[in-house]
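First chain A sits with chain B, and in the next complex the same chain sits with chain C.
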Partner chain A sequence: MKTDKFSKIKSMMIKEFKQTFRDRRMIGMLFGAPVIMMLIFGFAVNTDVTRIKIAVFDEDMSQQSRSFISKFISSGYFIYEKSVSSSDEGTELLDLGEIDVFMHVQKNFGSKVKSGKQTQVQIVLDGTDSSRASVIQAYVNQIASDYSFSFLNDKIKMIVLSRGSGTMRMKGTIQLKERILFNPEMISRNFYLPSILALIVGLITVMLTSMSVVKERESGTMEQIIVSPIKSYEFVAGKTLPFALIGFVDIIVVTVIAIIGFGVPFNGSFTFVMICGFFFILGMLSVGLYISTVSHTQQQAMLSTFLFFIPSILFSGFVFPIYAMPKIFQIITYFNPMRYFIYVNRSVFLKGTGIIELWTNLAALMILSSVLLFMSMRRFNRRFE
Partner chain B sequence: MKIIASFNRVNAVAEKEWLQIRRDSRSLILAVAAPVILIILFGYALSVDVKHVRMAVFDQDRSTLSRQFIEKFSHTEYIDVTEYIDDYKTSDRLIDRGDAAMVLILGSGFGKSFKSGKPVDVQLLIDGSDSTSATVALGYVKAIVSEYNLDVKIQELKRIGISSFQTPVDIQNRVWYNPELVSKNFIIPGLIVIILAIISALIASLTVSREWERGTMETLVTTPLRSWEVVVGKLIPYLFIGMFDVVLTVCVGYFVFGVPLRGSFIEFYLLALLFLAGTSTFGIFISSATKVQVLSVQVSMVATYLPSFILSGFIFPIANMPVVLQGITYIFPARYLIIIVKGIALKGISATLLHTQIIFLACFFFITLALSIKNLKLRLQD
Partner chain C sequence: MKYAVEVENLTKKFGNFTAVDSVNFNVAKGEIFGFLGPNGAGKSTTIRMLCGILTPSGGSGHVSGFDIVKEQKEIKNIIGYMSQKFSLYQDLTVRENLEFSGSIYGLSGSHLQKRIKYVMEMAEIGNRENELVKNLPGGIKQRLALGGAILHDPSILFLDEPTSGVDPIMRRNFWELIYSFSRAGKTIFVTTHYMDEAEHCNRMALVIAGKIIAMDSPENLKNSLPYSVYSLTVPDFIKTFEIVNRMTFVFDAAIFGSSIHILCKKNFPLVKELKAALKCNNILNYKIEKIHATLEDVFVLHAGGAK
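Our next item is the complex of A and B:
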């Protein structure tokens, strides 16, 4: 009896594999697409704020102003794009988007600094990309206050020296020693690539499941299946298992590319990723199945997949950090399987943490995917009969 | 006469396509309502502002000075001092679990060496896995530390009797186009572009492959229609939907989220139309090339969704990419519309400054149009 059941699922699977792979181009899409997506992501996804283009209007042209400006260039963050001869010229470059920052050093910069007065330096930033702009702002302020600090420090030393040493005790300065953990060079790619895993696997499994069930209905072959002795769960198992397998293969492919191709560190256990991946895929297949029950045509299935997918990517913490969302949406993200799988991948890749730290995420994935499976099976059964 | 006849045929195809879309009411609602819902949802929920970064403090000194120094961190909305801890073990645990993004560690000699004039080391552990947030957070900490140091120096000058000395350089930051650095002001215009790109290409991408799959292509073949008439006729209804979407999404951005629109709406509208013509034609091209719906979807996803999200300069700056990839970004129309929407909405510049973008968008449209006409062979398969 048991073998009989299994053989039914098996023949369903074989049929599904054959149908999927009959179109040679489909194979390319299934395995080629993840590779292409990985390559594009790997090279393109980079939010490091470097090579900030700056134009300078140095009205003063004194030794002081030059040394102040050179602090920016030697910091390594800025690229000296152009020196301009009027404010208008600078702002026009800003309008055209050719520079990120325009700096205006006023005429009496040098003489004021020497005489101990305060001088103003005008910085105009392009704020259209607010996150880049706020990093640039921090760099500018940092360099300026370092300049001020070392200037004052030299002044004090000179005064104390001229009055004879030992007359007073000076206070120390605080030196910040930062230690950046898990991603010491702060490469944004290391943060994004592990999450692409969830994206690619999720997209392919949901899409394939929903479309293939709907296709059955659209081409009328669903009726044949209903009249056959196959039971609904056997149909579902046979239908989805091939796509689950494809999902697993994609996990391996993507991980290998991330590690070998892009040098993303992998510090944790791959088994744990696969275990979480299993429940993630289960959840995604259930979503695909659910979508198939609410769609009549492949076009609708595809649009619904998108309607499901765009929010689940954007509310997963992939690009837009969860901590920056309003509280209600932070709560919504707890119902998003993608959130957990992305978090697990990032932690396992970069931090090397495992089940001890991440068991809540695994548990959440298990609960979510069982609920999703239950819901979609119920709906599917109703339609199957 | 010929022209009128051909115009009539285009019209007929458009009408048929329109009827087909209209009768599939769910697709129509999705095509019209989805963009608006998405914009409202994301516009409200998404931001990349780094605020309230969680920091734990491990103060081994517990002196007045150390407390004074730590105090500096609690007066900013950017950093939340969430916890005071007593050992390194806790600090490791907090960072491993992601409960704290940073740990500030003051050694036991903090106050003493500070008073004696030695440089004092303060350690900061940062979770660098989210490098973007980490960079910004590190910037905040550095700024607070150097402000503290500067204050100390100014006070020292006062103590030795020189009170006329001021901090030499006062930076006057002026942020243009987005003075409060609100991330919504660049996220929403970007989202509009991406959603338009996806919806227009996706909906159009099924139109020809559906004819092949349902066998209605044979009917089309038997009519006097020429390829270009089919393409243009199919394009028109999708363009209308797209134009409607543009108005809706821009209204939502402007009225609901208060994203500024400093330039001319008409100019933006016309350019968006050019963009939509390109992306919809591209969808038709995919559709006629693959002939299978599932495949059309897969291709159009890879070819529109990902590039317009990743290669358009929306979130990931193009200047950061390797040169080869920068070259590739020129192929994707979303790149140009992003520049256009930022230019017109935020910078308020006129279309004349955007001529490069316009030329590229026009090229994209004509090339895809030519390709899809060439590709759509009104001939039965062998």
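Our next item is the complex of A and C:
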């Protein structure tokens, strides 16, 4: 019987597709997981610091103190929670977690400001969530300096006008004009959704591959395959290609949902995402294959998948910035394919950069996935032959 | 090449445990060769080494003249293997399973369809070819698994406990299939722990704890027993068994169902001696007769040794 070279791979693939789409759990994983993750990170997870609850102890009750406080409320970031009548009361509210910031405006604030003397305002912050606290601190600084700057400006103008020399030029001051590129509104969703792509595709390909190989071993069908003349590469190709295809479909689906459903900007080349995705998927399939050689049951495969996945998310820069990690952990991240694919996705989506800027990431993905493929094939062959 | 399977000092160790302990045997072409032994005797391990699933720790083996370590590729095309575990895909239909099995052996087109048709007739699938395998009754599943193993028309069949968990009628049916393969010139290597099944074999090996302790045709094995076998039927057989077992002229005694099989030297006047001995023990209500040795007697003798 003469058959073409790929017929065994093809029939493996057909079988794999049939089995996958007949298994309800698999369907749930394939379609449920991406949708749920998109919803969670699109709607629920929001690291934008807004709705800061503030309580104020206004000892001064002057026009100046009121206008100072109102600057906070009108900024849009703060919510005026309560007016308190002592510092202790404010601290207690902080302790209870009812407010994020407590502001104490001292007596004579207004008169000191008017008379041009220096005055102080006390801000007490809840530092439990350090990153949120530092953002709040920055807001407070910004608003306070804006206030004193505009106050100063008015004052100088008044002096100038009162001297009757309207043509006199004021001394120059430096004013910061901020312009934020790539994610101008600084929406955290724009930052997370492109990274979700890597998470979903990675999870699905690793888990599906490892579980479906282990399933064959568990049910005894693996022995039948081993005694047949099918070669190990044919088996692996037939086994993993369907999941690679599913991974590609997931990339497309997630990208479309991110752009259309959540308005995430997409400025770069989709082809480049797919090319990087190809090598990322190759690496993840290899990891799945490797896991299948160390697991005896599907539960073990599932657990091993998570054992691999949690550190690879933590070391990817998905949530915790890599630059903030100690040097040794930063080095570890270089061996994490997820790191590169997430970086590529963020850059392509938001910055619109391509191969010229990101070629090192593509190269790293290629090297890592080749090494992973080599390692897992070697281990798999030892168990297959 | 005279033999379909030749094995020399084949050994398999798992750590400190020796599962197969330097066994030697040959299987002639077209023969039905049985491997009889209790669970854990090393039957499956032997078959798995011959099929290339396990690598031997020592010794050598040849299947159809090919070395089981170095020439696995050649072996794979000419053998069929049915494992102890049911090995079809439960979530695929009968036809899908067979199409897949066939295609990984390189079958395709009309040849594959012809073979599938043959296997489905053999397994008596009827009109259930598009049903998921998990919904089929046990007996049909078993036949289908056998069908999967012969789909590519192998010349040597390795069947690892093919009838475990199948009812007696199904087992008989199954053996008729095996006979038909044998008539068609195929060599069959089958493991079992059913004594009655072993009787179906042309030749068989008794395996205990990784060693072959006897090997011949079932008839010869029974005839070679240097003892006469008697069956003693008695109401209180447990108590009687203990008494009989203590008698010096009884070489071995074993309980078979509700009767006792007694082995004694050939030509020993057992009936007379036993009558006297039982009388001393006040056992009067019994029946004793000389019977033909069964494989079970052979097995029990070899397995337990003399008392």
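As a convention for this text, the second predicted complex is superposed on the first by the 347 of 385 C-alpha atoms of A that agree within 3 Å, B and C clash if a C-alpha of one lies under 4 Å from a C-alpha of the other, contacts with A are read in each partner's own complex, and residues count from 1 in each chain.
One rule holds in what follows: a contact is a pair of C-beta atoms (placed from the backbone, for glycine too) under 8 Å apart; a residue touches a chain by one contact, two chains touch by 3 or more.
Predicted model only: the values in this text are computed from it and were never measured.
Participant: Once the two structures are overlaid on chain A, check if chain B and chain C clash or fit side by side.
Facilitator: Once both complexes are aligned on chain A, chain B and chain C fit side by side.
Participant: In the overlay, answer first, second, both or neither for which of chain B and chain C A:Met325 touches.
Facilitator: Touch partner of A:Met325: chain B, not chain C.
Participant: Is A:Arg179 touching anything from chain B or chain C once the two structures are fitted on A? First, second, both or neither.
Facilitator: Only chain B is touched by A:Arg179; chain C is not.
Participant: Give one of first, second, both or neither to describe whether A:Arg22 is in contact with chain B, with chain C, with both, or with none.
Facilitator: A:Arg22 contacts chain C only, not chain B.
Participant: In the overlaid three-chain picture, which partner chain does A:Glu223 touch, first (chain B) or second (chain C), both, or neither?
Facilitator: In the superposition, A:Glu223 touches chain C alone.
Participant: Considering only the touch criterion stated at the top, classify A:Met12 as touching first (chain B), second (chain C), both, or neither.
Facilitator: In the superposed model, A:Met12 contacts chain C only, not chain B.
Participant: Once the two complexes are overlaid, how big is the angle at chain A between chain B and chain C (Cα centres, nearest 10°)?
Facilitator: 80
Participant: Applying the document's definition of touching, compare chain B and chain C: which contacts more of chain A?
Facilitator: B
Participant: Which value, in Å, gives the least CA distance between chain B and chain C in the superposed three-chain arrangement?
Facilitator: 11
Participant: Hey, what residues of chain A end up touching chain B and chain C alike?
Facilitator: Overlap of chain B and chain C footprints on chain A: residues 23.
Participant: Where on chain A does chain C make contact in their complex?
Facilitator: Chain A reaches chain C through residues 1, 3, 7-8, 11-12, 14-15, 18-19, 22-23, 219-221, 223-230, 385.
Participant: Using the touch rule from the top, collect the residues of chain B that touch chain A in their complex.
Facilitator: 24, 26-27, 30-31, 34, 38, 41-42, 44-52, 69, 95-98, 113-136, 138-143, 145-150, 152-154, 156-157, 159-160, 162, 164-179, 181-183, 185-186, 198, 202-203, 206, 210, 290, 292-295, 297-299, 301-302, 306-307, 310-311, 315-317, 319-322, 325, 339, 342-343, 346-347, 349, 353
Participant: Along chain C, where are the residues that touch chain A in the complex?
Facilitator: Within the complex, chain C touches chain A at residues 48, 51-53, 72-73, 76-77, 79, 81, 83-92, 96, 99-101, 103-108, 111, 148.
Participant: Quick check: in the complex, which residue numbers of chain A touch chain B?
Facilitator: Per the touch definition, chain A meets chain B at residues 23, 25-26, 29, 33, 36-37, 40-41, 43-51, 68, 91, 94-97, 112-113, 116-135, 137-142, 144-149, 151-153, 155-156, 159-160, 163, 168-184, 186-188, 190-191, 203, 207, 211-212, 215, 297-300, 302-304, 306-307, 310-311, 314-315, 319-321, 323-326, 329, 343, 346-347, 350-351, 353, 357.
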